[in-house]
Structure formats: structure tokens, C-alpha cells
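Across the two complexes that follow, chain A remains constant while its partner is chain B and subsequently chain C.
Presenting the complex of A and B:
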């Protein structure tokens, strides 16, 4: 029996389409609908209102939105700057594939651990009686322990460890795909090694940086447990959504979520317009 | 030229400055450039895989080097335009490399180096990835571009036809050693050893022993008879030598001359249009190749007996196999 080529393509894609439909599209549509409904003591009533969106303008929430994106942006910048040299070294300086695999595997190990274990293990390092403070005091750099936990820097440090691989891997892939002759060609056409990097390697690895940025951005914006554990007192949108949902104000939590999704999609749109992400695949 | 793995590309990269030699000096126009970084060498390398910058248009690729020289915009524009015109790519300025065919990509790669007017243009098997017809066409174009711009070029290839058609002077290398240097025709007609002789085209080789000098020629006794050939240097009597004749130098004749003549049987014929390759078996079964031009199919019948002869000056007597010890020439020439 002949099934049309197009149809058979869709049939092959159907498990993915069904999965995305049930677990992404429908919940998303429900989330949007929910954000226009009226909160009640037991959750929500299906009465249309714009109140949830008006409440987004309250100073507490505009502040949370600002903090969230500042924090995520800073994390993206830190991971980008630190992950790039790692990816570069891995792609170009380590020639044996065995060593490459070994190093990649070592970098993956933290991700094989449970979130809680991995995250909690920062306490003995950053805590008042932790390794870093002990070191600082032994070196005589400080007489009393410095508060390293519970601030924005702590959150960024933990996020860096949690998400650096998501930045490094796409950059590594992008760099690995660059034809080494291109840098040689640039050099032979009169470019210094720095110019060759700036004009050839860097722009050609842009798709990797973009994908990494998207991963880290999405992951950090939605990661509220880390903020709760390491950023005591810092309010982010993720945290606010969790709190509102706990407090049964689902419509307002939904409105906050819609806002975050809109901002992220907007960022994607701008990024993808200017960078050819397809080069990576 | 040389077989794969002989060190051609390594040598070229050393000249371009992309690799640093462990020993020796690189001198360009009387100046030692061994320690000069590649971007200050005034050489430009053209790659086998083109190495066009995929994120730049044809124009941006070609102006890359000029921009780094900080030339003024109008000069850059007119230079790029002129070079693209010469190379036959006028109007391609805004295309991206991925929109070009293999031949067009190679032209851009050449234009990109040519526009800089370097002291030395380096070609790394630039036509290897193109199909045969396009290779022939590009050979002609490269030759005319070379004449128009008058730039000294080093061109590496493992293709003997390109080496002979494009080169003025030829260096045959093998496993990092120089087998022979000289003008192309000199090397083709007077190879220094068996490796060069076989690498640069087809050649028939008979094993034999030196019988002695006869005037300007050397007499060699082989299984198939005693023949005269050119020989450079001294040849001791009874020394083992290789008696070599190129297939196109063999002649078929009803009345054979006294010297360098023998009878042979046709084994098979490979018809190639312009020419026909005839495989012959001499009296003692040595297989040789004869190239006949302008033949109609069926001229040479299987098992037909022929009188074969050749001029003494068309045969070369060689005593050396290669400058490199213990090599498998067949493997080097045909690949493993």
C-alpha cells in the first residue's frame, strides 16, 4: 500500500508531535487562558479579567523581573567568557580524541549527580566555616569569615557550575565544525592570529554561542530552587511564580509565566534573526 | 610533485609560514623568512578545499587581504572588480560561497590570493577536487592568469599531467627527499631514477646488465635482447641496470633497423579515442606498453606479430631505483 511521502513523514514525526502537544502546547495554551481568569481562594474562577496583568506592574514584581533578567544575563556572560576558552582548548589544542572524550566525560560527571546533592555541596565550600573562608583566614587575608553565601554572586557561581556544560558543548561543536584551513587561509592572506580568530573563528562559532546562551538563559530564568537556597532575600520571577502557585493564586502565577515566556521568545527571535543557528547542525 | 605522503603540503605550509621547519632556512627573494610569521611573508596559499570564508560574500572573501593592508576603499573596490573580471567571476560579488560550484569556488580562492599580488603564490593541489574536464579547463585558465599577472608560483600536485602542463621547473619529492629537480621536459625525457621515470608518466622497464659503452650510448643486455640507450655517468660492465623506454617512443615497422628492434605479439588493446594503448608481449613474455595515435579500432588484432623498434636516444639506462631506500614504488604510485 502506498502511503504518500508527506504523510509517512508526518507519521514518523507523530510521536514527537503528540508528546509536544500534550506536554507543551496544551499546557501553554491553558497557561495563557488561566492568566486571564480571576483568582479565587480555591484557585481560579473562569471569569475574564486583565487584573493579573495589571498586577505585574506592581513595584515588587517589576523589581523581580529586573533582578531575574539581570542575574540570568550576568550568568550568561560569565559562562560564555569562561566556557569559550574551555571549548576552544578542547576543540583545537587537545589533538587526541581519547583525551577529548576523557575531558568531556569529566565535565559531564557533575550532571550525573542529583540536583540537590550537587547544589548542597556548595555549602561546605562557600559557607562561613567553609573551605574558601578557611583558606582566606589561613592566608591571613581576612580575620573573620566573609559572607559568601546568600547573595547574587553565590547564585551566579552555582548557576555557572550547573549550566556551563550547556554553554560549552554547543560552542565546542561549532568550533569543531570549522574547517582548520580557514584560519590558515586567513593567516596566509595577511591576518595575525588574533585577527584570524576575530574575523573567522569567532563569527563562525556564533551559532554555538547563541544556542549556549539560549540554554543558559532559559535554565536560569526558571531555576528558582537555587535562588531560594543561595540567594536568600533575592526575589526572582521564578521564585514569585512558585510562591504564587503555592498560595493558590494560579492566574497571577500564570500571568508571570506568560511574561517570562514572552520575553524569552522575544530574545530568541532577535538572536535567530541575526545568527544562522542552522550552521550548527 | 610527489605521491601522497611525500611531504608536498608540509613543504608548502613551511613556505607559507603555517608550519615551522625543524631545520633549514626558507629564503624568498634573497631574504631569510624562516622566522617571519605567515601574515608578514608576502606569500599566499591557495588550498585544495578552497577554504573560502563561508560567512562572507565573494567580494568580502576577495577583499579580505586588501582590507588588512589598510588600503583605501576605492582602490580595494577597483582591485577586487578587476581581479574578479580576470578570473571570470564578474557579477558574482554578492554570492555566498555555498551558492558556488566547485570550479567557481576555486576561482574565488585564486582571486583572493591573486588580488594581493604576493611575491610568491602557493597552490596546494587546487584542482584535485574538480572533475577531469573542469581540471583541464582550469589548467588552461591558471596558465593564462599566471602569464597575465606574472607572479612566481609554487604548485604542488600528484597529477603528472598537471605537473607537465603547468610547470616550468619541476621538483619530484618522495618521503621527504628530493628525487630530482629540473625543467619539466628534461625530467620527463631524462629521469634520474626509476621512481621519477615511473612517477612521471608511463614507462617500459627491462632489467638488464651493462655490456659496455658504444659511442654516446650504453649497451644493455636484457632477457629480450641487447639494446642501446642513453646513460648519464659511468656504467661498470655487468652492473645491474634498468633499461627504460616510454610507450609513445616505440615504433612499429615492417623493415626494422639493425639496433633496438625485436618482435612482439599483441596481447590486448585499450582504445582511448585520441590514442590506443597496445599491450605487447616480447619474445620472452616481457609485457610492454605501446601508445599509438590516430588509430581506428581493430588496427591491432590479438596475437598479431609486430616488429617493434625505437631509437637509442629515446631509451634511458638507469642504475638507481630511488633516493629513498626500501620503497614499494607500485604502492607509492597507485596508492595502497
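Presenting the complex of A and C:
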């Protein structure tokens, strides 16, 4: 009976294991393998080389790498700061679970927009005769339209709208798991509400912030469609991967991919040394 | 007390402001999809449904959604691929959840293995899949998108389904077992009916994931691909018209309707057994 039960556990998991083995693990191993192979006209030849990694040092790519991680880092900071109060409102300022669910749902909806349409919808918003410029001129803040498109700030704005949900939700989950009597205890021991927040609530919500940060980091690093359609002239690693794949320089695309995975794993490793992410699940 | 009320007002106002901002693009695409002009920008010239159905509106032959053969083909592909992903994802998610609800050796490892599909950036995963298909000499078709999206849909399904296996459900199953039901009977007569709504919810949610996916699919799709792939490919060669907003409005509305339905099903806790 015990053995049968154990066996059934693995048997039930087998479809997932087979699927992930073939279609997740092997593709990632291919990324690693190809990064050490030689580019050729048809894609690659199985001859070992380190040239792909040496090419990462070319100025065009060090620039792209720097831009990518600066942009992603800034997006993470902006979404974290702006999403936290929403998660806090949802967790503590709304009593009825019904209303909580309703607002969570309301937040999910914009995330369901199609990528391409979502991106071009920002032209009428940020463009020269767009909504924001009309607003700025009405308020007398500027006399002529300001160019708000095609710069790094615009990309951050687009990403904020697209990914804020993924920052907000894990923070909300972490906040709802905090035992309210901990804050009460801090308050009754004389802490001001700000001190209680800083010393109790904020540290306890760290797992949520970490999960949100990782998700936003991973999403933005690879979101090349937004950069291609919106960043005009901005080069990121995600976009470079897509371009090199189209141009059949697969080994170099693979080297870029391995670099990104290494950075993400590194960031992940450093973060989980300080925060226990498992608490969230 | 007075202060508490003020702070509540502040938090509400803040949340409302962010919500308004996040909804702005959605409002813009719906509104401008009815714009009677060839430009995707403002101003709004007049109301028209032309970008939804009318053939050859512009001199170069571009017309509305339903008259666009490429878009219709992409729509069919989206539906086919979405249904395939949803069916397979539901079966695999249910099987995996039945196993992962228990404690056993390797459980944590397998749990995180399934979740890791979220952690791999889409471009890197798409690239690896491209290499795999090339090495195996699998000809590209819209079906090559299916396994790639399936891997991405699984973690969502699992996270949605696992919480349903609570103490209460276990008690009912135990009761059936004590009364002499074999494992298959327990699953068919007790477990499945009790998790039924959640299973349908996972099905719908998986469809939505497939319906909107672009970064991974773009690497392995050929021809027109699914609707998001079609729009993304087309915008790189042709200037966009409000037809994009019309397609975007339709794509988004389908996703919203399904997610609302899925959410209602997932949050439903009891289904009568008898």
C-alpha cells in the first residue's frame, strides 16, 4: 500500500516531468551548448569556441547590457514603490474579502491586453498631440507639446502599466499573512504607527517584495516587443537576442541568453540568502 | 479616529489614481477602435464600425478585422492552439496537483521545477525552443507553439488548483475510503466532483495564457501564427491602422470575459455532491 502510494505520486507527476524535461530543460541546455559552438551560415557548427563570450565585450553589447539592467532596475524600483501602497490598501484598508477580490480582479484586467495593441495605445497618450500633452498645456505647464515618446522613461511607463500587477499581488499576499497582533504589540509598547510599520510590517512583507521584484526583473529583461516597438534606438539584451536569432547568429544569441540567466540566478541567490521566499507559498 | 478615516481616504484616492492610469491604454484602444480615420492617433473624427468588418478601407487594400484574411487565419490558429494548450494543461495540472498535495520525497523539488517555468525569461526560453525544434528537425507549424505555451501555462494552473485541496476535502475523501471505495472510485465520485469548478477555472485560465502569449511564441511560430504574433509581425512591415485597436479590443474582451468566468469558478468552494 505504502509503496503503491509512493509510486502513484511519481506516476501522476510523470506527464509534467516528461513535458518539462523535453520542452523546458533541454531548450535551456541547448542555450548553454550553443553558446560554446561556432556560428555558421545555417546557424551553428559543433566546434568549441569562446568567441561568442568574447563578443559580449564589444562596446555595442556592453552598452546594451548596461541599458537592460539599468532599465529593469529602475522599473523594479518604480513598481515596488508605487505598488506597495496599493497592496497595503488592499490588505488593511478594505475589510470585506468580497471587495478585496473585486479590486484584485479590477487590477488583473488591464494586464490581459494584447502586447502590440497595448504598446501602440501609448502613442495617442504620450504623443505630441496626445492626452498627456493636452493636459500639460491646459494646466499651463508647457506652452508647446513635449516629446514624451521613444525614450527610456517612456519604456518604464509602459512596463509599469504592464507589470505592476505582478509586484502588487505577492506583496498583498505577504501583507495578508502578517499576524495583526504583532503590530498591536509594537504599538502598545509605545511605537508610533510609522515605527511599527517600519520595524514590523515592512520586514515581514519582504518575501512578497522579493517575489514581485524577481518577476518584474525576469519579465522586463526579456520583453523585447515593447522595446522594439517603443524604444526606437534603445538596444536591450532581450531585443539583441531576438535580432541575433532572426539573423541566424544563434551561438551569439545563446551567449547573451546565458549571460542573462547567470545575472538572474545571481540576483536570485543573493536575495534568497536574506529572505525566506518559501513563506509566501 | 479622525486621522484613521483621513488615512483611509488617502489610500483609496491613491489606489483609484493608479487604477485610472493602468486602465488608460485599455480605454484608449476601445475608444479609438471606433475612430473613423486611418490614423491610430487622436483626435477622434467620428464613430464608425469600419475597422471591425469593412474590406479595403484604404487605397493599399487594408481593411477591418473580419475582412482581413491574415487576421482571420490567426484568429483560427489562436483558438486551435488555445484549446490544445488548455486541454493538455488541465490534464497535466490535475495529475500533478493530485501528487503534489501529498508530502513525499522530492515533492519540493518537483513543485519548484514546475514553477521555474515562470522564472525563465521568455526570450531565453523561446530561443532554446527554437534550437530544440531545429535540432530535432521538427517542421514549424502553429502546433510548435503548443508545447512552448504549455510549459508556461502549467505553473499558473498549479498555483490556482493546489489551494483547493484543503482539510475539508481530505476528510470527505477519507470517509469514502473508510466506507470501502477504491482510489479510482474516490477520485471519480468524490474528488473530481468537488474540484470540478476549479478544474474548469484552470482550463479557462490556461486558454487565456495561450491566447495572449507573445515573447515565447514569436521564436517558434511560422506563417501568421496566433493573433498576438500576427499583430507583432505585421506592425514591423506596415504602419498600424485602427484595425489594430479593433483586433486588440476583441482579443482583450475575450480574455477579460474568460478570466472573470474563471475567477468566479475558482472562488466557488462547494459543489453539491449528490
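Heads up, the rule we're going with is that the second predicted complex is superposed on the first by the 274 of 281 C-alpha atoms of A that agree within 3 Å, B and C clash if a C-alpha of one lies under 4 Å from a C-alpha of the other, contacts with A are read in each partner's own complex, and residues count from 1 in each chain.
FYI, a contact is a pair of C-beta atoms (placed from the backbone, for glycine too) under 8 Å apart; a residue touches a chain by one contact, two chains touch by 3 or more.
Remember, it's a predicted structure, so these values are computed and weren't measured experimentally.
A.B. asks: Of the two partner chains, chain B (first) and chain C (second), which one does A:85 touch, if any: first, second, both, or neither?
C.D. replies: Second partner only, chain C.
A.B. asks: Quick check for you: in the superposed arrangement, does A:109 touch first (chain B), second (chain C), both or neither?
C.D. replies: It touches chain C, and chain B stays clear.
A.B. asks: Per the contact definition in the header, classify A:56: touching chain B only (first), chain C only (second), both, or neither.
C.D. replies: Once the two structures are laid over each other on A, A:56 reaches no partner at all.
A.B. asks: First (chain B), second (chain C), both or neither: which does A:248 touch?
C.D. replies: Neither partner.
A.B. asks: Please tell me which partner, chain B or chain C, touches more residues of chain A.
C.D. replies: Touching more of chain A: C.
A.B. asks: Classify the contacts of A:204 with the two partner chains as first (chain B alone), second (chain C alone), both, or neither.
C.D. replies: After superposition on chain A, A:204 lies in contact with chain B alone.
A.B. asks: With both complexes overlaid on chain A, does A:27 touch chain B (first), chain C (second), both or neither?
C.D. replies: In the superposition, A:27 touches chain C alone.
A.B. asks: With both complexes overlaid on chain A, does A:272 touch chain B (first), chain C (second), both or neither?
C.D. replies: Touch status of A:272: no partner.
A.B. asks: Going by the contact rule set out above, which residues of chain C touch chain A in the complex?
C.D. replies: Touching chain A: residues 7-8, 11-12, 14-15, 18-19, 21-26, 28-29, 32, 40-43, 91-92, 95-96, 98-100, 102, 104, 107, 110, 113-114, 116-125, 127-132, 134-135, 147-148, 150-151, 154, 183, 208, 212, 214-215, 218-219, 227-228, 231-232, 235-236, 240, 244-245, 247-249, 251-252, 255-256, 259-260, 263, 267 of chain C.
A.B. asks: Spell out the residues on chain A that touch chain B in their complex, using ranges where they run on.
C.D. replies: 179, 181-182, 184-193, 195, 199-200, 203-204, 279
A.B. asks: Show me the residue ranges of chain A that touch chain C in the complex, using the header's touch definition.
C.D. replies: For this pair, the touching residues of chain A are 5-6, 8-13, 15-17, 19-20, 22-24, 26-31, 34, 43, 82, 85-86, 88-90, 93, 101, 103, 105-110, 112-118, 120-125, 127, 129-131, 161, 164, 214-215, 218-219, 221-225, 228-229, 238, 241-242, 245, 250, 253-254, 257, 260-261, 264, 268.
A.B. asks: Quick check on the complex: what are the chain B residues that touch chain A?
C.D. replies: Residues of chain B touching chain A: 13, 16-18, 37-40, 43-45, 47, 49, 51-55, 64-65, 68-69, 112-113, 116, 122.
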